[in-house]
Amino acid sequence: MSRLPRPVAIALLALVVLLAAYPLYGAWLFPAKHAFLMQKITGIMILAIMAMSLDLLVGIAGMVSLGHAAFFGLGGYMLAILSPEYEAANIWIVLPAALAIVAAVAAIIGALSIRTTGISFIMITLAFGQMGFYFFNDSRLAGGSDGAYIYVMPAVEIAGISLMNLENKLVFYYLVFGLFIGAYLLLKVLLASPFGRVVQAIGVNESRVKGLGFNPDHYKLVAFVIGATIAGLAGFLGAAQYGFVNPAMLSWHQSGTALVMVILGGMGTIFGPALGAFVLELARMGFEGMTEHWLLPMGLFVIAVVLLLPKGLAGLLLQLGAKPAPEPEDEA
Amino acid sequence: MDVWFFLIQALNGVQYGLLLFLVASGLTLIFGIMGIINLAHGSFYMLGAYTAYWLALKTGSLLAALVLSLPIAALVGFGIETLLVRALYKRDHLDQVLLTYGLILVFNEAQKLIWGSDVHAVAMPAVLNWSFPLTDNLSYPIYRLVISAVCAVVALGMWWVIAKTRFGMWVRAGASNREMVQALGINVKLLFGLVFAIGAALAGLAGAIAAPVSSVYPGMGDSVLILCFVVVVIGGVGSVKGAFLGAILIGLADTFGRVLVPDFASFSVYAVMAAVLLWKPKGLFA
Amino acid sequence: MSAPKSSPESSIVLETRELTKAFGGLVAVNSVSIVVREGEPHAVIGPNGAGKSTFVNLLTGHLPASGGQVLFRGRDITSLPAHRISRLGIGRSYQKTNIFPTFTVFENCRLAAQSRLSSSMRFFRPARALADVNARAERAMELAGLAARSGRVAGTMSYGEQRQLEIAMVLATGPDVLVLDEPLAGMGREESERMVTLLKGLAAQYTLVLVEHDMDAVFSLAHTLTVMVNGTLLESGPVDVVRASQAVQDAYLGDGAEAY
């Protein structure tokens, strides 16, 4: 419903253009680090997809999950497990299969988890996430605690003709970029739909939604599964990018980091958590370059943001970009 | 496998559980009374362990180190409540989560700056460094018994304070109904500061007293934190009694899990938590 | 106001049989049996803590009953969840304003109207493109006198306007029966008068169950009256009969009747 204020929309669009054009000017701007930065930005976009998907749960539906990384990791592990060892997997098979499995697992975990609310929900999602972590950590499936390699990128072919070569970093960059933008647009479309309106209302006042005649549990479960599946996609991409999966992908640290991106960026805005992913990761890069003890300034940075920006980065942007007098917005 | 083996494991489990209780009790009270989900609580455990290690080196006496590390943890806790957490009481829970997450990073890195990244052993006091013989070839380290005894005494003391004193009455009132504390005209700021400080001190004590057994190492607070959240949620958030029983349960489950089903131990702790929450979404004693 | 469509022959819409709710030892609603007939405005009165809101919560599935039954058009709905009861056509408002404060007025009403779709599991078309839902929302806003407030963020409106929104949202769900819990609570004099006018209009179109402290409003609106005290039903029946009842006079209406 709420459109972004024009200045904010323009600023975000500018950032998107910067991202889209990065491969063109990056080599010229950072000649020494270009390849590294390409890889880094690809990784951040993947994390941003995950953060946006978590925002659907946390910021929109009010379900604070501390186990979201389980689906991220599961998506990655599915690529590793479903790929033949030394040849390219067929993406038209492995991707849908991976997402279907993530969705199925999310449906089970979600159905159990949404029976609780508040801190119990946080904890039960943590519990399921940790169970996922230990499942891959302690089992002999896919390398246990050592993780597993994916030696060959999946092939994207139709009738034997290769559509894109994912081994090519540039191609992979644009694939991830496209999916990043796609995930954002998908979430925006979902939020504007009848389904999305109900989910958003649940986040504001769940019991009223029930009083109006909706069964909140159905909508929460579907939102949970959609969020998890998008996170699974992000994990799939992450595994493809690094050619490697390990249990840490499912760990509560990973879930916590995603949650921090969401809160830091600004819950419930979708673009905020994506911004949070970029800011957090770029800050980390900056601090890492400055000192070996980069976690210290990082922690102070996080603390400063909470104290100074109650609604996260997105809140700050929206405040700066808001028109002085709130006009009644046009209907229909 | 015989009776003695089970007895030893049971003792270990109870000892671990009691230790977890010291940390978890503060966590549950801080949440119950102030509504703060304190991710940095494990850092107090680490702080206690490292100050004990350091003071034991300086003073040559673990006992002195233990005694001194308590007020240090309390003071740090009090300072953090007054300077940072207090600013966020009116905010969303998640802002507090983010703040305390930032604190974890700061604590972990400060630890590395001050004490480095190595694992350090902490010497047991010579008087306690012996084992109690059980059979011809099995014995039980006396220091572990001492840990259990100290934790049990502290737990009893806590029960007494909470059940019998005026301060305890405030705490009970606050944990069951946060608004009531304000209505009773209690000095809320002081109460919050004290509870935070006491929670920190208890966690610090747990870290300090466990240091000779667990040694001290970077990030040691994190795994304890997660287990303590499990304990708190199983017991019912805000319930000290629940935290106690939850802690013993998890202590035993973890210990027996490790020896009986080593591949499945950590998994089983979380499976237990999930099962409890599905059965009683608010925990056993909420 | 319109003459009572009156009594026994018009059909029973809502009925409770020995409906009971205990909170631990406190019996908030104690074996209450009432009958609400089609098109007959029914008021529930009683002092603070009498159990009126609890009774409403039982009628609408917001609380599980400890005993007894609720029947809607003869069907037992006692153990149905709130959303099912809402879908059967029993709409309710809340004593404590219960809206979506961060949504606009229109969006509050639109969502209420949207609840009547057979399913809201529709993912790709914008919700605002549902013309009949929009129309229903707009009609409800108009009825409740909020047409001019359509774009306001609900939480930023005055208390009285939020109470109006509360009613508008129920109307937007297109109910058969309206159960209103103290719609006048906390309203100023003028706001109250406007609300009473609105309620009179609604009484002509819906079967109304009204919990209210304001006796003027009750007597100008209701045809039948239930008096609750301490969780128990003191008297229930046509307004004149109940008002004349000695028990009611003694226990409750004494002061209220004077004021009236």
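Each chain gets a letter, A, B and C, in the order it is written, and its residues are counted from 1.
By our rule, a residue touches a chain if its C-beta (ideal position, glycine included) is under 8 Å from a C-beta of that chain, and two chains touch if they have at least 3 such contacts.
What you see is a predicted model, and the numbers here were worked out from it, not measured in a lab.
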Inset, instruction - If every chain is a node and every touching pair an edge, decide which shape results: line, ring, star, complete or other. - result: line
Inset, instruction - Name the chain whose C-alpha centroid is farthest from the C-alpha centroid of chain C. - result: B
Inset, instruction - Find the most central chain, measuring centrality by the gap between its CA centroid and the centroid of all protein CA atoms shown. - result: A
Legend entry - Centroid distance [mean C-alpha coordinates] between chain C and chain B, Å: 50
Legend entry - Whole-Å separation of chain centres (CA-atom averages), chain A against chain C: 44
Legend entry - Distance from the mean Cα position of chain B to that of chain A, given in whole angstrom: 33
Inset, instruction - Would you tell me which residues of chain A are touching chain C in their complex? - result: 1, 189-190, 192-198, 201, 204-205, 207-216, 218-219, 222, 326-332
Legend entry - chain C residues touching chain A - in the complex, by the definition given at the top: 60, 62, 81-83, 86-87, 92, 94, 98-104, 106-107, 110-112, 114-117, 120-128, 130, 134, 150-153, 169, 173
Legend entry - Residue numbers on chain A that touch chain B, as the complex places them: 58, 64, 112, 115-117, 119-120, 122-124, 126-128, 130-131, 134-135, 137-139, 252, 256, 259-260, 263-264, 267, 293-296, 298-303, 305-307, 310
Legend entry - Residue ranges of chain B in contact with chain A within the complex: 31, 37, 84, 87-88, 91, 93-95, 97-99, 101-110, 112-113, 226, 229-230, 233, 237, 263-264, 266-267, 270-271, 273-274, 277-278, 281-283
